[in-house]
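Working notes, structure below.
By letter and in written order, the chains are A, B, C, D and E; residue numbering begins at 1 in each of them.
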């Protein structure tokens, strides 16, 4: 609750800061301070002190799961701002509003991570989506940015329609929007209305989570959007959507797993396949990362497929690992001049530290042991294998992981083993460097002691 | 009135909206078709709300009210979406002087 | 006693190490002294060992556990008994003489090569002693491969000449083929008997529990091993090529000692062979065939050492014939005498080559008898001995073999006798062409010809004496009761394969026949080659001169196909099949990626269409396909 | 405590090495570190088995049933010793080689050592996998940073190949884990798990693929010659000397005792593949003109023999295998050192361009000949007892084709003699050519290194029992697992 | 066949027809007008269902505000029949077929659900009246209501960001 209300307030504050404060630095620091505050109050709530006691009529419930995810999201956002806040200012004149929108999105994220009613889910998703349409198009002169935002908007609105239809049908069958009472209703043969609604919800959520075959918007939008915001929506937002996804299907349709597990399996396989295979041939690192985000989504889908304790823990770990690594890579990518693979040639020679940290992030994404990426993938596989031994899905997943190594390591090869002068003229602030190093350390730490994160679930 | 009628009617409207999205190239028309889809949903929700009201008004005076309130929220969101969406479309038009979605093909592969 | 045995082995090893490590800074004199001294020392200890055995039988000394795994125990043990003590004497004795000879023969070598040569020679003696002293098959195998190694090193001693190195490789690899069979035989023994120690294998108990088939298989495998080492069909072709090595080496390794290792092994396991009559026959036939084949080839060879080499092969064939007929004692007897006269002949030829300045083609020699008196005389003695004219040593041993062949089967005897006659013929051909007639070489060669130094002639003389008297240790019963001291001595280790069945009269008759025919042969040879003029061999002679084209056949059947196949694997299978398969996967992924990209057409309409279609499909699956 | 040291010393030292700038100091430092590691492992050897110093158990990720537990048993001791001996030798032998950014080079080398140590010590499946990868990653960077001209593509192939393998292994581990009663990755619970025949087959193949690629077994070997050819020689030494043993070790530690039925069931199939590989690789080696590739193929042949021996699954074969793992490591490192010396002096590895070196460099020639003969298992060299026992094991294995297998393996021995002797003949004997006419003989440092190797060769060739005693109980534990499942194997 | 049913059928036919006209008519302006017709007929349905509040809101918000906005934009860009881009026929066909299949599948799926006997109460039922809905909205649904304000804020900010001239 704290985070929810505070994020809304902070959004408003940032909105007006654009008028009141003139210096960019102050606005930036205000935003960072806001995030820290947000993180603080969230920790307060985790430790049991709720500042605002509001009766939400069981529409919103902040349990340890959602709170933990909120803090993951806030931490990621904090790192994101520390690394890329300056670059946000480069996008356009009304940078204060960008910060405001980011805070509104965070507000939406707190909703999607803690909803108990489909209505709140709907509102949360919309509060996330609408600012994202804007941020995507925020580089107004750039045709790609425009195109991306229009595509995103049209497809997003379409998927909203699907979601609403699904909600309506479920309402028809159940007579309520509360996820608990939907989940509590354990009939032997679910009505066709419910199934249809459930599937429609599945589709729309898959769309938001860019799961194949509803992923088509992802590469174009991530490619077209200003890179700073791509970084934001590829990591934090996507994670939030997945949390909502698993919350919805665990809370409302857990009992009807046998009805949808098959489809989740199909979608997962399709996502892994399309994401990884298509990424192989990309020439631009940015677009490659877009496809890789699809591939990673495929891995996160495994947790939905398995839907057990391992899966939920693993998903939290995964969101953290994935967000940290991707934010780091994007933060470096933003500094680059051209985003092609060759643009990284010889990067290690001129920017050894950046190259090293980027390597760690890439290794984590590729799922190499001693990085958080490995453990999160490991959790997913474990959840799947424990789950009455779904061997084939696991094997398919690791095969695709092997493919992913191919395109992640292309970057490493370019940075270390190819001759070039990437990053020669780059001047990097020490603060940026140290943040990157800390982030890398975090990635490795989580890769060795996942307990640091997951133990928060149980106390 | 049998609920099936309403279900089929709104599904029909919904699908017409989808077909519109599929067949038109004008961004604005596509957007309108999406609005049509939303309205189909609204109709369905209202019908369901009245159905549940009929079923359980005895036990709960406000049964079915949530359906209609959801419709209200949908309208709210729709309004917000329209404002943003039209803004984006206008921005697009400013740059390429067209609202034809087929011209949105710089980003592909 | 066990210290003595150890010393016998250690002296040559020490010699090897000292000469090997110090070859760069030690003087030639010291090197020579060191090498010979070590061998002499171990010869002395061998005599002591021999006497002790004569006094109070053989014994087995276990030094430490070489390999001890689960039920399999392979101790590092030596076994000294009548058989091995005889071989000890032969090896160290003849070995010593040849060392002495070498000091003269190798004088021209630069002194690190000199040191290298003697260290190899000592190493060889060391491994040979290991071979004969080994108390179980594994230790024997160690020596077995060790001598193979030394022969490899010494054949390729002049490693600048690639064909020498080729010969060395050939020797080593052919030995390896035999060794593989030997190894498998050992495994078979481990599997069936559970031990490799002679003392256990040849104990009545374990022999009793061995089925006939197993015995046959094991003995056959051992025999294959022997063919490799002792140059029998089909693995004999390396020995003639091995003449690339220095002549003393040929004398020591490829005549006197190493090549007789096979005979030693079979004699050693005679109890096993007695259980396998089939193997016995095979051994006999292979031995005889080899003897005949080699003899025929020797008829037409013009390289002095090649002739001797083939005669060695042929003599070894005789020994195997004896083994095959169960006359193990005769075989060992012939090993001994052969060691004497063949070493003598080789050293003699070495002295000739030395005189001719390295030339070996007898067609360019002739009339050397005047220049090289001692060499000539000793050579004659050697020839008489090998031809088997009483009372020279060759006569007794060969006669014993012929007799045993006769007992087994008169046909065998006939062929063996024929071979013996061929032997006499080609040996004297060699003698006459080399020494009689007039010199056919160039002018400065003629000037260069001279008698060898003392260090070379002394061993010749000693060996000559031995080849004369060496036979008297095994005088047949018919001449003198209890004359067969060797047989007596060996009887504890060698169970004769049944008693003599031939009447004395027949025995006399056979001896007379063989000796008479041999003498006739020699006279025939004298008239044929007294003053030899070179002429090209034709027809059948050419076939013989080219050794029945056996080498060419091997190349055609085995070597070239393997080479071609290897090339095929390297260039086709490895590159084009397996590796391309692997890379093909990568290419496939790339291709797939290129195709999948096209799905991302960039058109909103297509995106929505695909989404709707997949929705329809999933709905259809859910509502109509699933029940 | 000792196993932890064995892992930590190289790990921390390796990380520290990144920050040493001075080239000379880097060499000395890494040499010192490797020597310390060697001392520790020797101490470990001297500690009697079962003592508490040889095992360590630390809590780590209890929630998923994994723990940081390491143990130093006989087999581990042998391989850790090999690993610890290899490094000083390699560093000394390649002392002259210069690398740009040498600190990174040595840091990665030492990190790889830590990884391999972990592989040999871990008694927790997940930990094992961790170290397995930790050993692989530095190798990737080493090869593709400091390798030959085709290094990037080749190394990448090698990496992807092995990585796919290890991913399959991960799935296999999880598959077994999902059957463990107490859902734990510990070796004990893996050993105590009884899987059905079908499950065993599935898990077996999943795990075996990783080991088969690592060893490598025909036909999964094609990454190896290229990698050995392209990698910097120091790395190649470690790769072929120590790292390939990880595959065999993995089989003995994680495959046979856990999945005895399947390991027995598929023994014939895999043995034939391995032995075909032996002959195949030897025949190709005969035709090789590049020294590195020749040794690479000979290594494939040897490993194939070892794999066959492993699947013979009896005391003799396993005992032989274990000492052979050690000895082959020593010998092949010796061969690589010689090749490196030759390449450094003449700038070529083409056999056809060399010749007559023995005249000019007798010391080098003699040392090489000794190592080469050890490589073809001449008696009284260290390889003989191992191969003898392995052969004996193959011969006395329970399969019906034991005779064929023995003969095929024997073919390998003969062909091995062929290509080794041909190599010696062409490179060292014969007359010198203009390239080799002014060859210089080796200096004391190389002499020292090769001398050490030769000493090891003879000392374990004459008294192999020293090593055999170490591993006897490990072999017993492995075979007992087979005995336990004998009844199921019968039917 | 009482008056309510007649009205229901009438309104449904009008709604469907006008919806079809929306997606078929070439001229965007016509599409807008047809869409307004659709909305009116839907509002009729609402009244029929006695959801008076929604009926009014629908007319005010949609027909009144939103559609006017659409119309305004279209006029601003003076899109008309000539400038109206056309998809190629095959894509149209494909789209129509896909949509048709979707309709078919959904109808077939929902044809006989367990609630098909149930009725939707028409003409009466006070739940749709402003009084009740307002009470609900400001008691039970006050939190979502407030949250929707965040939505509006973000939309507003967004419109500014996009629309403002630089």
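General observations
As a convention for this text, contacts are C-beta pairs under 8 Å (C-beta built on N, C-alpha and C of every residue); 3 or more make two chains touch, one makes a residue touch a chain.
Please read these numbers as outputs of a predicted model, since none were measured by experiment.
Inter-chain contacts peak for the pair B-E, counting C-beta pairs in contact.
Distance from per-chain Cα centroids to the pooled protein Cα centroid is smallest for D.
With centres defined by CA atoms alone, the chain at the far end from subunit E is C.
Taking each chain's centre as the mean of its CA atoms, C is the chain most distant from subunit B. Centre to centre, using the average C-alpha position, subunit A and subunit B are separated by 27 Å.
Taking each chain's centre as the average of its CA atoms, subunit B and subunit D sit 66 Å apart.
A separation of 72 Å divides the Cα centre of subunit D from that of subunit E. Computed centre separation for the pair subunit B/subunit C is 99 angstrom, with centres defined by C-alpha atoms. The residues of subunit E that reach two or more other chains are 87, 91, 94-95, 98-99, 102, 106, 109-110, 115, 140-141, 144, 148, 151, 154-155, 158, 162, listed in rising order.
Those residues of subunit D in touch with two or more other chains are numbered 160. Residue positions of subunit B with contacts to 2 or more other chains are 3, 7, 17-18, 21-22, 25, 30-31, 48-49, 51, 55, 63-64, 66, 73, 77, 80-81, 84, 88-89, 91, 101-102, 104, 106-108. All chain pairs in contact, by the document's touch criterion: A-B, A-C, A-D, A-E, B-C, B-E, C-D, C-E. Taken in their complex, subunit E has these residues touching subunit A: 106, 109-110, 113-115, 140-141, 143-144, 147-148, 150-151, 153-155, 157-158, 160-162, 164, 166.
Touching subunit D in their complex are the following residues of subunit A: 310, 313, 363, 368-370, 374, 378-379, 381-382, 385-386, 389, 391, 394-395, 398-399, 401-402, 405-406, 409, 413, 416-418, 449-451, 454.
Only residues 4-5, 8, 12, 15-16, 19-20, 22-23, 28, 31-32, 35, 38-39, 42, 45-46, 48-51, 53-54, 57-58, 61-62, 65-66, 69-70, 73-74, 76-77, 79, 84-87, 91-92, 94-96, 98-100, 102-103, 106-107, 110, 115-122, 125, 127-128, 132-133, 136-137, 140-141, 144, 148, 151-152, 154-156, 158-159, 162-163 of subunit E touch subunit B when the two sit together in their complex.
Interface residues of subunit E facing subunit C in the complex, by the touch rule stated above, are 87, 91, 94-95, 98-99, 101-102, 105-106, 108-109.
Subunit A contributes residues 8, 11-12, 15, 54, 56-57, 59-60, 92-94, 97-98, 100-101, 104-105, 107-108, 111, 119-120, 123, 126-127, 130-131, 133-134, 137-138, 140, 169, 172-173, 191-193, 195-196 to its touches with subunit E in the complex.
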